[in-house]
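Right after this note come the structures.
Next, two complexes with subunit A in common: one pairs it with subunit B, the other with subunit C.
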Partner chain A sequence: MAGKNDLGSTNNWKAPKKMGISDLARREERLAFRLLLPALLIILLIAFYPLAQVFYTSFTDRVFASGEETNFIGFENYRQLLSVHVMELEPVLDEATGQQLVDPDSGEKVFERPLDVLPREPNRYRELNQFDLLGKRYVIGATDPNFIEAVQNTLVFTAISVFIELILGLAIALVVNSKFKFRGAMRAAMLVPWAVITVVSARMWEWMLAPSRIGMFNALFDRLGLIDSPIAFLASGGYQLSALIAVDVWKTTPFMALLILAGLQIMPEDIFEAAEIDGAGKIRQFFMITLPLLKPAIAVALIFRTLDALRVFDIFQVMLGQSTYSMASYNYFQLIGNRNMGLASAIGVIIFILIFVFAVSYIRMLGVDEE
Partner chain B sequence: MLKRYWLIGLVVLLAFSLLFAAGCGEAEEVVDDPDVVDEEDEVVDPDEVVITVAAGAVGMELELTRDLAEMYSEANEGVTVDVLDTPDMADDRLGLYLQFFEAGSSEVDVYQIDVIWPGDLAEHFVDLYEYGADAVADDHFPAIIENNTVDGRLVGIPWFTDAGLLYYRTDLLEKYELDVPQTWDELEEYAQIIQDGEREENPDFWGFVWQGNAYEGLTCDALEWIASNDGGTIIEPEGVITINNPNAIEIVDQAAGWVGTISPEGVTTMAEEDSRAIWHAGNAAFMRNWPYAYATSMADDSAVAGNFDVSPLPAGKSGSGAATLGGWQLAVSKYSDNPEVAADVALFMASYEGQKYRAVEGTFNPTIMDLYDDPEVLEAAPFFEALYDVFINAVARPSTVTAPQYAAVSELFYNAVHDVLTGQKDAADAFEELELDLQDLTGFPVE
Partner chain C sequence: MKKEIGIFSLIKRIAFNLMIIFILVYLLFPFYWAVNSSLKTESQLFMTPATAVPRDPVTLEFSPTLQNYAAVFQDGQFLRGLANSTIVATSTTTLALVAGSFAAFALGKLRFRGRKPALYLILAMTMFPQVTVLTGLYAVITALGLSARISMIFSYMIFTLPFTTWVLTAFFKELPDALMESAQVDGATPFQTFRRILLPLTAPALVTTGLLAFIAAWNEYLFALTFTSIDPAARTVPVAIAYFTGAVARQEPFGEIMAAASLVTIPLVVLVLVFQRRIVAGLTAGAVKG
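On to the complex of A and B.
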């Protein structure tokens, strides 16, 4: 679209040609535009229209599946989702000694309760987290701690799972790119986890992670004598996110490998031959030739996977339900569970902006647009 | 440069619209479900009326609903009744229904709705009094009819009622010379004794299984603990928030102590069917569940068949046990193309014969009072007679007084209890905060 204006002058593959052909090119350009028009209209209809609708709804208090009247409430939904407040917690002193009280059970110093300190008007702040800084105790309050936690969970999930998938995917791609017997069969087999529908694989993993010896992992650990009592992987606590990351890595590493494999296959053999003759070892070849040439493929793979992981919904919904949210599953809960369509739309808009920022910064960082 | 950003923008936009399509697509997928379409009817008669009933699939529910649908189709020429399989968890089922309502869809004609939904969903259903329900309404339990009547409109015909029961193993109580526990303390003690004994041979054995996942089921379980301990019903029918009281705090702290001792750690991820699976395999001494589990426990593949019985749930301070009122109604969609036929189907399924069939085959509790005197019903489910009082005195969740915000109230409540069960908070802190949250949400005063 933007290319239409600089046609014939700066467009690098047409510049050296004569003026007469430039006319033809212009006509072709116009034809191309006309051919693209239906697709553009469809995109406007199915992407821009709903998006505009979501933006609009995010400023209202609309209730899902209800005939109730909708009011325009400005930025109230965003304020509800994003308000965060940090406050200091005063130590609780023993009236007799003037010393700070210490909890006799845990041995920890006692501070004021966040519930008594955090502001309640106009919206109530709930405790999100506490931290120590320079010997003082602070509390972070948020009007919607569930959402802030959902954002945190999603970012942690994305960063760790995409990183592991990249490393494993690269390794697998290098292996299936080398020549060996049954390579075709191997490549096909590699794709199986990716071909399984996510909800199905999430349910499958949920059973494997079952909190009794019905679950494969607990049965295995029990057999090996690693645990005394079964671990409840999907109950709250440290195991939840790790379990989900494991499932995601299992499922999407093949996709990563596939994209990187495509990059490997277009690599010219002769460069490696030349490097061989010049005396570069295999490791040097990998870092000096393979990796730089693979950069565009990796960039594409990373963008795909990161944007995908930021939108993660199915495995959170199936495996954790209402106990721990990702951004998208919180969005779903607010819309379907709470029927709060206005708030849900605001969450959608925030996810959209976040993903957009990620996409642009990725492209900047990896220099995809500077060839 | 600019062009690239355009492209990125478009890609992101498309990706984003897929996210929304994921939510909206669900309803369509269900419609494509091959189960819905009767495959035998290749030739469709233009006059043929197809009525779709959205029904549950917990235990034997789906099978029995299909049987009734078939009976109706056979008896009524020109009408085919299809049954749509819906999610097990009530919250998920509500989500599915809401999508049909938002779209004003005529795909589903009859909905199976929970006892807590009439207030919230009334605007989407027809008044069954206009379709002949007035003739039968008096046969049903008056409390349920009242629950289903919103502004004088009967939005759902009662189909079956539910109340939480204590399932226990008669063989194990005998083996360890114990009686049926009358209080929570006794239950705790007996469960521990039996569990310690059985563990020697069966490392997978647990004393007591129940529903501890963060969902509507936990609201039911926790309400039973609290009501039996004289701790109120979260929000009282006259609109007063009572949850933050010492009795409620005490019993919920006690329940948190069961997790990892007499109940598996994983009980905080369990719904009805998860706990029933453990019970069904013979790996639990006690189970809290609804009456439907009686029939499934009698089935041939059950390890506990013939070795179990049911009793009222144990008591706390109040001296008597409490059972949460559950149960499901059949409602006819306002968006149906054939509301008369749909209402007739709903009334048939909830009729004396329909309820009797489900009671005999699947121990679903009838809502028609006369059925509790029917010898065939009592033979199939002897406990109906013994526990009649439990069923008629069941404690209602505060859904009427908080409508249309009950779902949000319940979510706050079960998440607070879940935090206590998983050890993130103690009950005193959790309920103090819950009290504030409920005040913000409902605007009701505190006791």
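On to the complex of A and C.
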């Protein structure tokens, strides 16, 4: 405070004091480096080589667990993963009438086949999706539609599940923060979902969501008369993503709630007393005091939840198998299934970049790295 | 007037209790279903419709079985796994809390050049999916000749250390600077201030991050599976469960998996019960919020 002014000042009579402060600053700096040393050593020992290797490998065609020669191929893996192309599909005309053909079975207008339109060189594009715009039909092609879909799935999964977890976590933290009889037991019970082994929890939910009345949900819905025939929750399309979001929200809301609870606990009591005296209602207190003070706790909770959600692996792998991928489960498939280590590393780097962008924007948005 | 307030607070109490019951059911029901499944035999598991308690397939009478639990304990893997998991998760948490709180004190309360890069560097180590770093990590561990247990403890730093550091940094920053200044005026060195004053005040954050990191390490599967492949004696619980073979050939022993999963959740619940009191320490110790 006073130190900043002194450092900026050029007045001679302040010189002795200035010396003292910069000396103090230097001591503070040295202490900071010594305190950071253990963490930095651990990073150097355990993370530096693996991460550097991922970056390097992403530019090669290395094959996993083989003696095959590895070649440097530049950005080829990234091009393979990220190339997207939009093309217009021309209507197919009836030669006799000059009108667009209509499929007699489905009653839909016939367009060119995407396969004929999409480029094949240097990499072959496959259809990702079609859409209509201003009366014209377009096709989106990608050289790796599975990956683009995995990115979409993961982003949707992350946005929805982290949002619900934040709201639920905040609500639960506020409830558990107030005083009542079995608060201690409640806090222990609250952590049970987070404590169940992740891989096992995925299997457990798979069992509960089974597509027949063996599963808890179908048995329950049937008993309540809500359904005529069992729902295949985890079959392609339909409920897949919603089911996974429900499982993830159940599993990780405790994480959010506990971090927010800790934030609530270190809040100074007197602010609330002052607000009470000033006549601020509970709701006003929540929005004007609690929420702003909770910002740092919410920010770290959000960062780590988003980071985990973007890397979601277990539940996609166990519950959906190979039918629908998340980015990380596609990564696993490319590495273990296809042994394409170069491509898998490139996926890792893309996930890294995405997470980095998210983390930086959270930190900026919530202003947590301000001095 | 007085009566009105009484009714109002009664309604509030009932609503509050209903909310607690709702939250508890939501959080605990799936776990109940795991316990329920663990008390069923193979044929009871496949009954349609599924039953909320284990019932005899013919008479529909309540008939739980402990055979899955017996099988879990007969499997020596499981008890050894418990011991391994305890060692690995405890060491991981201790190391992550010590290194993390040191770093967090520097990052949250001291002024020095390179603060932001250091924060991002620490976070960056956990931004890759586990699968991607697995091969590189394996190479490092082989080169250093680390044992399976030590390998797990160090590799778990990848996801626990950034977490403890970031959470604790946020909490240190919240503590008023006046605390440090007054301690310094009293002649305490910055490190003494950290250990004697700041650290006890962030006890809620320490306990919270410790518990969350402990559970994360306890449940980790992919690294454990890879690093114990050459040393089966070091397998942790999740890996041991994955290796359950079951009585019926080539059929997954679902009941046993659920029994083991229910069993390993109990020590964690006890751990939380023991430590949760500490969550209410810190600045607001003894105080009660409305």
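Everything below uses one rule, namely that the second predicted complex is superposed on the first by the 329 of 371 C-alpha atoms of A that agree within 3 Å, B and C clash if a C-alpha of one lies under 4 Å from a C-alpha of the other, contacts with A are read in each partner's own complex, and residues count from 1 in each chain.
Keep in mind that, in the parts below, a residue touches a chain if its C-beta (ideal position, glycine included) is under 8 Å from a C-beta of that chain, and two chains touch if they have at least 3 such contacts.
Fair warning: this is a prediction, and the values are worked out from it, not measured in the lab.
**Q** Once chain A of both complexes is superposed, is A:Ala359 in touch with subunit B (first), subunit C (second), both, or neither?
**A** both
**Q** Quick one: classify A:Ile140 as touching subunit B (first), subunit C (second), both or neither.
**A** Touch status of A:Ile140: no partner.
**Q** Applying the document's definition of touch, where does A:Ala173 land relative to subunit B and subunit C: first, second, both, or neither?
**A** Once the two structures are laid over each other on A, A:Ala173 reaches no partner at all.
**Q** Check whether A:Asn338 is in contact with subunit B, with subunit C, with both or with neither, and answer first, second, both or neither.
**A** first
**Q** Using the touch definition from the top, say if A:Leu89 reaches subunit B (first), subunit C (second), both or neither.
**A** Neither partner.
**Q** Contacts for A:Trp194 in the overlay, against subunit B (first) and subunit C (second): which applies, first, second, both or neither?
**A** The second partner, subunit C, only.
**Q** Is subunit A touched at more residues by subunit B or by subunit C?
**A** Looking at subunit A, the partner in contact with more of its residues is C.
**Q** May I ask you to decide whether A:Leu115 touches subunit B, subunit C, both, or neither, giving the answer as first, second, both or neither?
**A** first
**Q** Is A:Leu128 touching anything from subunit B or subunit C once the two structures are fitted on A? First, second, both or neither.
**A** After superposition on chain A, A:Leu128 lies in contact with neither partner.
**Q** Who does A:Ala150 touch here: subunit B (first), subunit C (second), both, or neither?
**A** Once the two structures are laid over each other on A, A:Ala150 reaches no partner at all.
**Q** Could you give the residue numbers on subunit A that contact subunit B in one complex and subunit C in the other?
**A** The overlap between the subunit B and subunit C interfaces on subunit A comprises residues 43, 46-47, 50-51, 54, 64, 212-214, 222, 307, 311, 313, 328, 332, 335-336, 348, 351-352, 355-356, 359, 368-369.
**Q** Which positions of subunit C touch subunit A when the two form their complex?
**A** 16, 19-20, 23-24, 26-28, 30-31, 33-34, 37, 45-50, 95, 98-100, 102-103, 105-107, 110-113, 115-116, 118-119, 121-137, 139-140, 144, 154-155, 157-158, 161, 163, 165-167, 170-171, 173-175, 190-191, 201-202, 204-205, 207-209, 211-212, 215, 218-219, 221-222, 237-238, 241-242, 254, 257-258, 260-261, 264-265, 268-270, 272-273, 276-277, 279-280, 282-284, 287-290
**Q** Where on subunit B is subunit A touching in the complex?
**A** 1-6, 8-17, 19-20, 22-23, 89, 91, 94-95, 98-99, 101-102, 123-124, 203-204, 213-215, 260, 264-266, 268-269, 277-278, 283, 404, 407-408, 411, 414-415, 418, 422, 424, 429, 432-433, 436-437, 440
**Q** Touching residues of subunit A toward subunit C in the complex: what are they?
**A** 25, 28-29, 31-33, 35-36, 38-40, 42-43, 45-47, 49-54, 64, 172, 175, 177-180, 184-201, 203-205, 207-208, 212-216, 218-219, 222-223, 250, 253-255, 258-259, 261-269, 272, 282, 293, 296-297, 299-300, 303-304, 307, 311, 313-314, 327-328, 331-332, 335-336, 341, 344-345, 347-348, 351-352, 355-356, 359, 368-369, 371
**Q** Would you pull the subunit A residues touching subunit B in the complex into a rising list?
**A** Going through subunit A, the ones touching subunit B are 1-3, 43, 46-48, 50-51, 54, 64-67, 113, 115, 120, 124, 126, 210-214, 222, 229-232, 234-237, 307-308, 311, 313, 321-323, 328, 332, 335-339, 348, 351-352, 355-356, 359-360, 363, 368-369.
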